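I've put the structures underneath this note.
First subunit A sits with subunit B, and in the next complex the same chain sits with subunit C.
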Partner chain A sequence: MIKNAPYHEAVRDYEPLAERPLPPAAGLREDLLHRYHPDYRPDCFTKLTVGPNAGDPCHRRLAGILQSDSRIDEADLAASPEEEADVLVIGGGGAGCSAALEASRAGARVILATKLRLGDSNTVMAEGGIQASIDKDDTPQMHYEDTVKGAHGQLDRGLAAQMVMDGPDVIRWLIQQGMQFDLDEYGDLLTRRAGGTSAPRVLYFRDYTGLEMMRVLREAVFNGDVEVRDYCPAVELLSDQSGHCAGAVLSSLKNYKYSLVKARSVIIATGGIGRLHLNGFPTSNHFGAVGDGLVLAYRLGARLRDLDTFQYHPSGLAYPPHLAGTLITEGLRSAGAYLLNAAGERFIDELKERDQIAAAIIRECAEGRGIDAGHGQCGVWLDTPSVERRRPGVIERRFPKLLHLGTKCGIDPREQPMLIYPTLHYQNGGVVINKRGASSVPGLYCVGEVCGGVHGRNRLMGNALLEIISFGRRAGAAAAKRAHGFARTPKKIAMEHLSAFRRELMLAKMPLDRTSPLLFPEYAKFDNDSDYDGLRRNARVDG
Partner chain B sequence: MSEDKAKLINLTINGKDISAPASLSIFQALWHAGYPRVKGAGCLQGVCGSCRVFVRRADSNEVTTELGCELLIEEGMDVNFLIYPIPPHQTYQLSDIPNSWEVQVKFHDIFPEADQCRHCGGCSTTCPKDIEVERGVALACEGRFQEAGELFVECVMCNLCQTACPELITPNHVAMFSRRVTAYFHTRPSNLINRLGKMHRGELQVVE
Partner chain C sequence: MEDPVLNRVLLQPACRVGADYDAWIWGVGGSGLEAALKDPGAVIGLVKEADLRGLGGSGFPTWIKWRAVAQHGGEKYLICNGNEDEPGTFKDRVLMEDCPHQLIEGATITALACGINRVVFYINPHLSAAIDTLRRALRQWQASDWPEQIAREAGLEIDYRVHSSSGHYIGGEETAAIESVEGKFPFPRAKPPYPSDHGVHGRPTLINNVETLSHVPHLLRNGVDWFRNQGLGEATGTKIYSLSGDILKPGVYELPMGTPLSDLVYRYGEGMLVGKKLKAIFTGGPSNTILTPADIDVPMDFESVAARRSALGTGAMIAVSQGTGIVKKVAEYVSFFAVSSCGQCPSCKTGTYYMAQLLNRIGTGQGTGADLDALYNLCKILPGSGRCQLVNGAVKVLESSLYHFRDEYEQSVRKLAV
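Let's look at the complex of A and B:
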């Protein structure tokens, strides 16, 4: 039995020091990822048996919801109200909002449906910043090469190249929507370094970058022509006689009724899967992040990729227990915060890629050099006092969210280090898209975390906020353009694809009593909630 | 820690009697006690403003407004969720403001009620982030938009201030207007502009 140092003893033994050298023995071992990163545990994965990715490896939990039946039948839709739009956007985070704004500005009639409220998303929780190559010693080529290296080379190079070239214009677009960034005394954008990068390239607003982005985009959408349907999760896509995407079925949490939105283009921007708590990890993700978009796209026949790789953010809060998993920005390590084990020793270069750092933290704890917080949770120190000692006042100036979190924990991060452990943060893979955000199903576009290929097997800090705006704008424009090409709506719009998928499930002898999308995490007991009898009960999916 | 765990806290949430271990948030206590709760759940980390609650503590007549994800349960608390914030009633496009000289006039066109502030302080009292909301509205009315906006760095758009205002001012949207015009008209970083120029001239490419 491995025994880590008890929390209160470790707090007592901790000594704030401005400088600590990295021991030479802390160099990377070749097998660090293979031995300690959760992506490399073979028992967590299975092969998909139905759908376009049959035969591909996939996390068991995700495979369970991908290979489940729909929550609804054609019969559920009798007498449901219908409406039409040029473009239907599903998801109200940063990707959905930027897509909706651009589609609307291109003249399309846009409906944006979101499961909860507009802006309830992972975007609002992003802290560290957004990458864009703007410093004179930096180039888009360097940004591209860092992205490829971080991804372990397993990415769609064309998508990454386009994204980094979009970077500076994405920042201009955000400023034009009214987003503020941290500036120096002359009004230039400040930059900080992301782990695994060759130049300072992350632009930010305090440690509230996502909040600032999201509240500005939300305001822009509310003040524009986009029609927002909040509390309306999509439960199934609609298809026409050719199998092309033709809209979606929404389920209102306000009046417990289904409604159909027929659309010439559909953009899925539903984000990731953190709230599935893969491998028992806590998560930094939003309440609604349970993989709805992946399920909807897959059932309609869209190809997915890299379903066996997820990002565990190195610095999720590990103590106190009720806040476990809460994100602490990589910006702190960028500002020079050390990672320390119970002995007060550094054990890895704090600006390596996220997967390496997460694996190193897991190793320290697994080998008894961590700190035991009780409740089965362990972790290592994020040495915030070291940053404050070197640059007094920097935490208050640049990291107000951390200070607020400290208040909730009863810890002053300027005096005492925070206990951290990796937290499930990001779905690296997802729907295969082209440079316009189009999936392999005509009429279906996907943007943001729901997509794969841009970040390969490991995403860099700040590339997600860049991706959602870069691809969001492009998909919005492309979806609007496609919609204009239609003379009229196709005659027969239904859910024909469901019968084909059910047939496949039956032939593969898969259980038919599981339904998806889940819509909400299991512990919210959504499907037992008598307030929500408009939806059928969802069988519990084990994994 | 184990002592804390053993001790159950009793409170009322939306009229339901709940017992849960100390050090749980309002949401965690509900789920722990077996009550489903989806409405009002958002980021669960205090930045989305979704989980607004009214709270009355034991032996107190005062009702406060807080965020249910950040608030820890206390013995004898009476908690009620507020749902469905009202969408803003004004609309504007930044591109309709011809230049920065016109911002003040436009502001009063878009937010005519902002001048009617009675200084009741309701907005500042309700703010779960302790922002000086009322002062922010006053600064915006004077045209000091940058200063007004800076007060709202931590605003999560929970809309409580809007709910509290008897004059139907929407202080959080006043704040967003103030912040947005500041960026739209005044953020002109030379490092970004130089880079955009180089890219426009085709001087920077990516070789895959």
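Let's look at the complex of A and C:
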């Protein structure tokens, strides 16, 4: 059995150094990924048997929820109130807010429904920053090439090209909304390098860029004409007689009642699936990230892609155990923090793509060079003191959130390294969209992490924040335009697509006792923790 | 294993050849027309003996219409009604797309029997594939020897035409179809005069459904006894049922007239989706009423279904499971009638709209007891107040649901009071 060094011994043996040499690279990049990256473990994957992606590989856990029956039936909607909107946005993160803002500013009547509160999302977890080629030595072309290389070439090049071209304008728009970025002494935007990029291109605000972004978006939404429904997850989409998307069924978590929102366009911005804890990994994702949007879109007939690839962020906290999975920003590695094994040696270039670094960390631990934190958790050092040694005061100035996290852990990151292990961070695949964010089902738009194709099989740091604003704004505008183009309301709005999907499930002899979307992780317990009847009862349905 | 009764006549493989004249003639085609040509005068008698009914929903004996038209001389019209647009009905589309020659031969025999010289195929423009197939089949037909032979032996030169209807649901009504063929908006006319006396351009006009006409070649070819034996019990012939809803295998099934409903739902449709129980069956179309699980044994012919407070109509069966809310479903159907009303008759225009409004109110939890009472009153006063059957259809489905599922309406109303 492979034994890693116990945590306390490793802490004792650690000595802070400003500089450490990088040993020569061993082995090929592909070899490292194939042997150690969780995406390459064949036993985790299966083939989908029903729906538009039948035959495609998919993670077993995700396949289970995609191929499940609906939580509701038409009878559950008896006497449920109905309302109409031009655009319904599902999801209250950065993508949802920017789409709602843009649709509302284009004159559409917008309702934004969110499972928890506005801003309860992975956007606020984004620490590193947002990529945009604004430096004088940088070009969108270089940004594009880095994105393609990071994605192993398996991305939708049109989407990536549009996103990088949008970059500078996205930053301008965010600044107009009131977002702050870190500036140099002359007031110019500061940039730093992301892993796998050829130029410093990441703009940031301290180490809570996403939180700052969400702050301004949230205020803009509250101050605008968007109607916000919080604690109202969508549990099913509505379809019209042609199978086009025509709204959604919301379930109020406050009083456990359903309501129907009939909308000309629906924008799904529900984010990813980290809370499914694929392959037993901890996750950096927020509480509601259980893949609701994928399920809803798939059942309505939207095509998905790359369902077998997920991003494991290299630096998730591994010690103390109750904070396992908490994200530590890639910005630290950009700023020069090393990754060290138990022997205090570097083992990979810290600015490589995320999938390779994650695989390298897993390799170190699997081969006994890691540090054992107990409870079956191991990890490697993120050498924060080395940054502090080289540039004293930088952590306090640039990484206040890290210091705060350190306080919670009882560790001073300026003196002691943090123990990290890859954490399930991002869903690379998702709904297939075009440049306007439209899915393969007319009337259904998808933006943000729920979509696939923009990042291929591996995302670069800072591209997610860029994506949500770039595509969020475009989808919002397109959805509003579609709503204005309607001459009259559809003849019939119902859930006919459910019958078709159930038929497929039965004919494929799939189990019929599972229901989705999950809404909350399996371990969610609201019985004692919530005043909201709906939350308690929804959790019970999940069993 | 091949099913001994499924798809044996109209939808048999030899008929489903599409626009391929040679395949049709090589199979079953031509012999019916040959038999009719020998003695055109006897055809109406055969149809009467065979008890062929109007299969577009009315169940009206076909021979009565034919005789009425045959009495007149001069220019006469036959409209083959393919304006199929009811919820849950999709049989004519299959007949036109897969068996166009069967329909053309049926129409030709009918024209021959009644001395009709103008045949119009009146088709819903939404069924563009059917229009295309029929046009191609007609060209093949006109290039064949038949038109010449008919002219020579019966002295009748038949002019065929494909007319794409306006696509409105109301255009399927007999007199509305006449208006449409005349090139106007399909407003139903007041009756009498009946189309058989005063139809297209004032000339006698026969209107039959596609399925009715498609039966005629087989009846002539195989004889009356054969036709009567196709049905079960008192019923004659076969019927195409359109099965839809929460069914594992929805689709069109041609079965002997009088086949029990349970056979259709459980044997051919293979039962309900995801193991839910059957709640109700809407018999689609203008005669849209509800059959409950207690009626699952009913033989599906015109008389037996009518005895259960329902109607066979076009043979559409929309099965809904326990997971369906009846109020919303009925609201959906009544809304369909409301938007389909042509607006000529005030009672229909406002009545269907008002019913739809009330149902939507109740269905979304906004309704009160007074709304429910208003619905009951409308069911009493509206029937028969329009020129055509549209308003009656809307009332029928509502009345039937109120009769069977009153408790569900009351629950929806009560929810507001709590």
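Observations, loosely collected:
One rule holds in what follows: the second predicted complex is superposed on the first by the 518 of 543 C-alpha atoms of A that agree within 3 Å, B and C clash if a C-alpha of one lies under 4 Å from a C-alpha of the other, contacts with A are read in each partner's own complex, and residues count from 1 in each chain.
By our rule, contacts are C-beta pairs under 8 Å (C-beta built on N, C-alpha and C of every residue); 3 or more make two chains touch, one makes a residue touch a chain.
The structure presented is a predicted model; accordingly, all values stated were derived computationally and were not measured.
The superposition on subunit A brings subunit B alongside subunit C with room for both. Of the two partner chains placed by the overlay, only subunit B lies in contact with A:K408; subunit C stays clear of it.
Once chain A of one complex is fitted onto chain A of the other, the partner contacts of A:F45 are absent, as it touches neither subunit B nor subunit C. Of the two partner chains, subunit B is the only one touched by A:A161; subunit C is not. Applying the stated contact rule after C-alpha superposition, one finds that A:W173 touches neither subunit B nor subunit C.
Of the two partner chains placed around the shared chain by superposition, subunit B is the only one that A:L189 touches, whereas subunit C remains out of contact.
By the touch criterion defined above, A:E82 lies against subunit C but remains apart from subunit B after alignment on the C-alpha atoms of chain A.
Looking at the shared chain after the overlay, A:L505 reaches subunit C, while subunit B stays out of its contact range. Taking subunit A as the reference chain, the count of touched residues is higher for B when subunit B and subunit C are set side by side. Superposing the two structures on chain A brings subunit B to within 25 Å of subunit C, judged by their nearest Cα atoms.
In the superposition on chain A, no residue of subunit A contacts both subunit B and subunit C.
Across the interface of their complex, subunit C is touched by residues 69, 73-82, 260, 491-492, 494, 499, 502-503, 505-507, 512 of subunit A. Remark: subunit C residues 245-246, 248, 273-276, 322-325, 327-329, 332, 335-336, 339, 360, 362-366, 408, 411-412, 415-416 touch subunit A in the complex. Put simply, subunit B touches subunit A in their complex at residues 1-2, 23-25, 28, 31, 34-39, 41-48, 50, 70, 72, 84-85, 87-88, 91-94, 149, 153-157, 173, 176, 179-184, 187-192, 194-196, 199, 204-208. Those residues of subunit A that touch subunit B in the shared complex are 116-117, 119-120, 124-125, 132-136, 139-141, 144, 157-158, 161, 164-165, 168-169, 171-172, 175-181, 183, 186-189, 206, 208, 210-211, 215-216, 218-219, 222-224, 231, 253-254, 284, 286-287, 320-322, 326-327, 374-375, 400-401, 404, 408, 520, 523-526, 528-529, 531-532.
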